[in-house]
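Take this structure first; my questions come after.
Going by the order they are written in, the chains are A, B, C and D; count residues from 1 in each one.
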Amino acid sequence: MVLYQLLRQHPEVDDINLYDHKLTENEKLSKMVPAFYADSTEVQPYTPDAIMADNQMVFFATSAGVTSQLSRPYIAAGFPVIDLSGDLRLNDEDEYQRWYHKPSASRQAMTQAHYGLADFESAAGKKYVANPGCYATATLLGLAPLIQHDLIDLDTIIVDAKSGTSGAGKNPAQSTHFTQANDNLQIYKPNQHQHIPEIMLELQSWNHNVKAIQFMTTLIPITRGIMSTIYAKVKPGVDGDQINQAYEETYSDKSFVNYMGEHLPDIKQVVGTNNCNIGVVYNPVTNTVMADSVIDNLLKGAAGQAVQNFNQMFNYKETSGLELQTFLP
Amino acid sequence: MVLYQLLRQHPEVDDINLYDHKLTENEKLSKMVPAFYADSTEVQPYTPDAIMADNQMVFFATSAGVTSQLSRPYIAAGFPVIDLSGDLRLNDEDEYQRWYHKPSASRQAMTQAHYGLADFESAAGKKYVANPGCYATATLLGLAPLIQHDLIDLDTIIVDAKSGTSGAGKNPAQSTHFTQANDNLQIYKPNQHQHIPEIMLELQSWNHNVKAIQFMTTLIPITRGIMSTIYAKVKPGVDGDQINQAYEETYSDKSFVNYMGEHLPDIKQVVGTNNCNIGVVYNPVTNTVMADSVIDNLLKGAAGQAVQNFNQMFNYKETSGLELQTFLP
Amino acid sequence: MVLYQLLRQHPEVDDINLYDHKLTENEKLSKMVPAFYADSTEVQPYTPDAIMADNQMVFFATSAGVTSQLSRPYIAAGFPVIDLSGDLRLNDEDEYQRWYHKPSASRQAMTQAHYGLADFESAAGKKYVANPGCYATATLLGLAPLIQHDLIDLDTIIVDAKSGTSGAGKNPAQSTHFTQANDNLQIYKPNQHQHIPEIMLELQSWNHNVKAIQFMTTLIPITRGIMSTIYAKVKPGVDGDQINQAYEETYSDKSFVNYMGEHLPDIKQVVGTNNCNIGVVYNPVTNTVMADSVIDNLLKGAAGQAVQNFNQMFNYKETSGLELQTFLP
Amino acid sequence: MVLYQLLRQHPEVDDINLYDHKLTENEKLSKMVPAFYADSTEVQPYTPDAIMADNQMVFFATSAGVTSQLSRPYIAAGFPVIDLSGDLRLNDEDEYQRWYHKPSASRQAMTQAHYGLADFESAAGKKYVANPGCYATATLLGLAPLIQHDLIDLDTIIVDAKSGTSGAGKNPAQSTHFTQANDNLQIYKPNQHQHIPEIMLELQSWNHNVKAIQFMTTLIPITRGIMSTIYAKVKPGVDGDQINQAYEETYSDKSFVNYMGEHLPDIKQVVGTNNCNIGVVYNPVTNTVMADSVIDNLLKGAAGQAVQNFNQMFNYKETSGLELQTFLP
């Protein structure tokens, strides 16, 4: 839905076709998504051949376990795909099944897919982009300078991540029932969140000595937004200046990552935008660095980063269609 | 759940037995309701004969359409029942089916049941109490002095009632999904809420000239609480003093209704208590009286009023077990 | 802030200068409004002569009682102004003082200002636009077809309006303290809200027989959005079809008003847009029509309508800079 | 306010007198605290001699920097005090000034005060009880078994604590303005929260080798409740069973601490009660233990623990006046 909104106002996008693999005949979008009451677009049944004939690329916004099946003909044909699901983010079948509890795509498909953490690895020239998960994006962007500049004890990474309920999708559930979620905090999937393995893979691509991270997720009573609070012990001799410099260097030229020094961002600063804002405080008493990394889970954590990958893939301006403003107050 | 909490601390209640008509063998309450993790009580299968043998009365907190069936043996035996469902609040089979869309109890059962608006009709000596609905309670208490003192044009009653999500029960649904309910207001069941007919019956028992009311319900992003905002044109010659006096007279001796004059109560004032707080402002420019009536939908609007009826039924002190304090801040 | 965001992305706006009448020298916007941390714009001290020399028009977003003073030189010079305050919305000095409790602008200034309810009265050719209040906008758009088509008994209009806290501005207060506002509903300013007189003036411009309306405002625990629930008795002989037709006719050609028939809009449908969505249900049992009119109070209720008036004033496309998308989920 | 509510229903408390050091003559409580509209109690001016003559003990619920002054005559007279402020929780004047930025009580007064972490140190026989801070209570109860049983590397303690807005008191501020706090998370006082030194003192009383903790506080959009999420590396050889056993042993006989094993408690489980619920998950991959400790900040984190200390001080049953039920749903 958010992806469709972004593409509708993207200057390089002329036509958008919508498909649903559960449809057998056309249905009005306005009927399927009441919020689009004023939109006369028809959603079409899913037919890979017609899709490849009628379009120049495809976005997948399907559930885990579904995309791995649906994506096969496109991979075979070398047709450009940006995949918002987690199905091809890992590169090992067993690992996928362990974290997702579903049948996986083939190892070959997984290893050939490009993990599109767009601020670090360009999707230019790629055919299949596995768009990162929301928690993974906030956490990786918060950790990158510390890992890449070798500033922390790799054995001490702790991530206390918090997310609003829109990350859980549109289907009602007990934990996101208003009566349960309002006025509450709920820790869920302790050490078991499926974004852990993709975070590990990316960290290891930066430094193969990273062995494990402690990663906890808490459901908070807001609709949109993620705050990833990251802790690690710094290496002997590292001080606040070095940390600051690493973040400055890493992010000074990135369009969508704002390093704010010791000004710790709150979530509302980024909701409505494709930005990741990061604040960092070093505590010399505990030799611990704390990074506060916030994103809009539906934009930078999903549809926004997908469009950023789309821009890279087709050599459009990276910020094209993403010049969004914060949704304040 | 709230009823069970009230009864556990009720000074006149020694033993509480819990039954569930879906069980075939005993099950721990702590397993059925995670919030009671520390409670070792067993919930028992539902068997009317044993229930009547082992207890002095029974509360029904079952769904609409279920209680009408389950309650039969108790009615036949003249065993005391307080029924929190809506199944025996009306007195006509067709009317019930029209508003509830379910098979009704018998007309005889319905007409014999006592509608337990506890601040107005005592349950003393009654065998079967149909405990009023939450919206009905807030609305009837707000309207009573105006109707009983014949102060308003009966053709002009408009009720704009707002409720938190706990009124919709514990089962997740689209409208109470946090992502949908948060930051939102949703009007639902316009002119079709099933509390309308019980309000009409009670109003007509006070003045048979009441023909209809305009009654709208809006779902608001809070967990507990109802505000019923009531409007009506006053009769020619009626002024603010007369209105004030009618409310004073009606409620000066009621334990659970606080008339606050022109101080309009907010919802948090009553959450956690069995109180109904009412503020009233007369507007001489429009000849309109506005009453703001607030309750905790789970207490005065359900379990609290049920205990109040229980106290009346067994001649206990009316406030017994209901000396509750507001849950502020 | 929202106005500045809209103007920054308006295709017809090249330069925006910001002024603050409390400054004596330039100050960085990023310092005054932390949310604009990435904006290097300087806010300038307020000097009318320089402002008129350097700009083609001015927006006022100052407080009640301030704009009436600051606007004088522009009125004298015939310089284009769009004024978001309430200072020149009325046309009588005593009436202004009665509702705003502040010294008023001159009667001449007030009567010459154009009340810019943009979907009904074009600002083309106007020099001074008094941009309507948020409650007034939602209420007037909801009532217009009923009044203009003479469908209701003018003596029976009741408006139960609900607003989020952003309408109260950015300064903390007791009623908008999170601890007080969360989980709560608070009625405020009963029959005394300062938007009542501007609603009355506009209604009377449509039908001079409207004498008074009952208008209540309730603070709800959301940040953005207004729902104005409007009730009135229909005239004898009027039925649902006529009502439906009146809304269809009135709004079929308006860019920003969506009439949705009996589908009652919720607030989130319009938040983030300049739309007013309206649903209407006629109740033949009470002869009462209920209109549910929702807007984003900061857009259609303030900055969005101001830009719409700006587009009319300068003959730009009416939707220019206002092609906004709903902020869902 | 919550303290007053608890004492009103405490079976051992006959009379409660209220005093305010800012009053010069009696004032009705109902006027000072609108929520107590129905309470005819008079609040009296503050006069230590009369207070000691008329009462058997005194509770202080005054601000930091105030109690240190007001408490002097009681300390001099050996009159029983339970002090909810932070003024006498530390034992060093410089340390107090460093964290509180206010003049401190005398070192003598501070060292003689009893730090009343009621589940661990009984207040029986004490004259002056410094009631612990809310964050300190949740954090210390979550950490105690790990420290007391010597299970963790003391150098690796990280606390990510989250609190609702009621912890910030009743005065409106920017960060607790609904428009700012709703839909948001805000980290505040990084490494500077004034509860850090009292946590350190207590930890060191259990194990003097604790040198520092990393302690962060985040403001969350709920009214009541604290979740303290605690991380630490376990010592070599320690496993999940040992951790589980330590918590079992520590808390099996404590009335108000519920150890729930791997069932991680959410905040709503304890709101309305004097309970601290704790869940613990050990992650063998990272050798990290995570404890999730939740309390109602106004009860266990303030007034509830104060009453628990009161019960200990006067040899009443520890749970007297504290048999509270969760406020669900």
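Here is the rule we go by: contacts are C-beta pairs under 8 Å (C-beta built on N, C-alpha and C of every residue); 3 or more make two chains touch, one makes a residue touch a chain.
Keep in mind the model is a prediction, meaning the values are calculated, not measured.
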Between the pairs A-D and C-D, the one where more C-beta pairs touch: A-D
Of all other chains, the one whose Cα centre sits farthest from subunit D: C
Where subunit B and subunit D are represented by their mean Cα positions, the distance between them in whole Å: 37
Centre-of-Cα separation between subunit D and subunit C, whole angstrom: 46
Length of the line joining the C-alpha centres of subunit A and subunit D, rounded to whole Å: 39
Sequence positions of subunit C contacting 2 or more other chains: 166, 170, 179, 182-183, 221-224, 268, 329
Residues of subunit C that touch subunit A when the two form their complex: 1-2, 5, 8-9, 35, 37-38, 166, 170, 182-183, 223-224, 258, 260, 263, 268-269, 272, 298, 323, 325-329
Subunit C-facing residues of subunit B, complex: 156, 158, 160, 162, 164, 179-180, 182-187, 190-191, 212-214, 216, 218, 220-225, 227, 229, 231, 233, 264, 266-268, 271, 279, 281, 283, 285-286, 288, 290, 292, 294, 329
For the subunit D and subunit C complex, residues of the former touching the latter: 165-166, 168, 170-174, 176-179, 181-183, 221-223
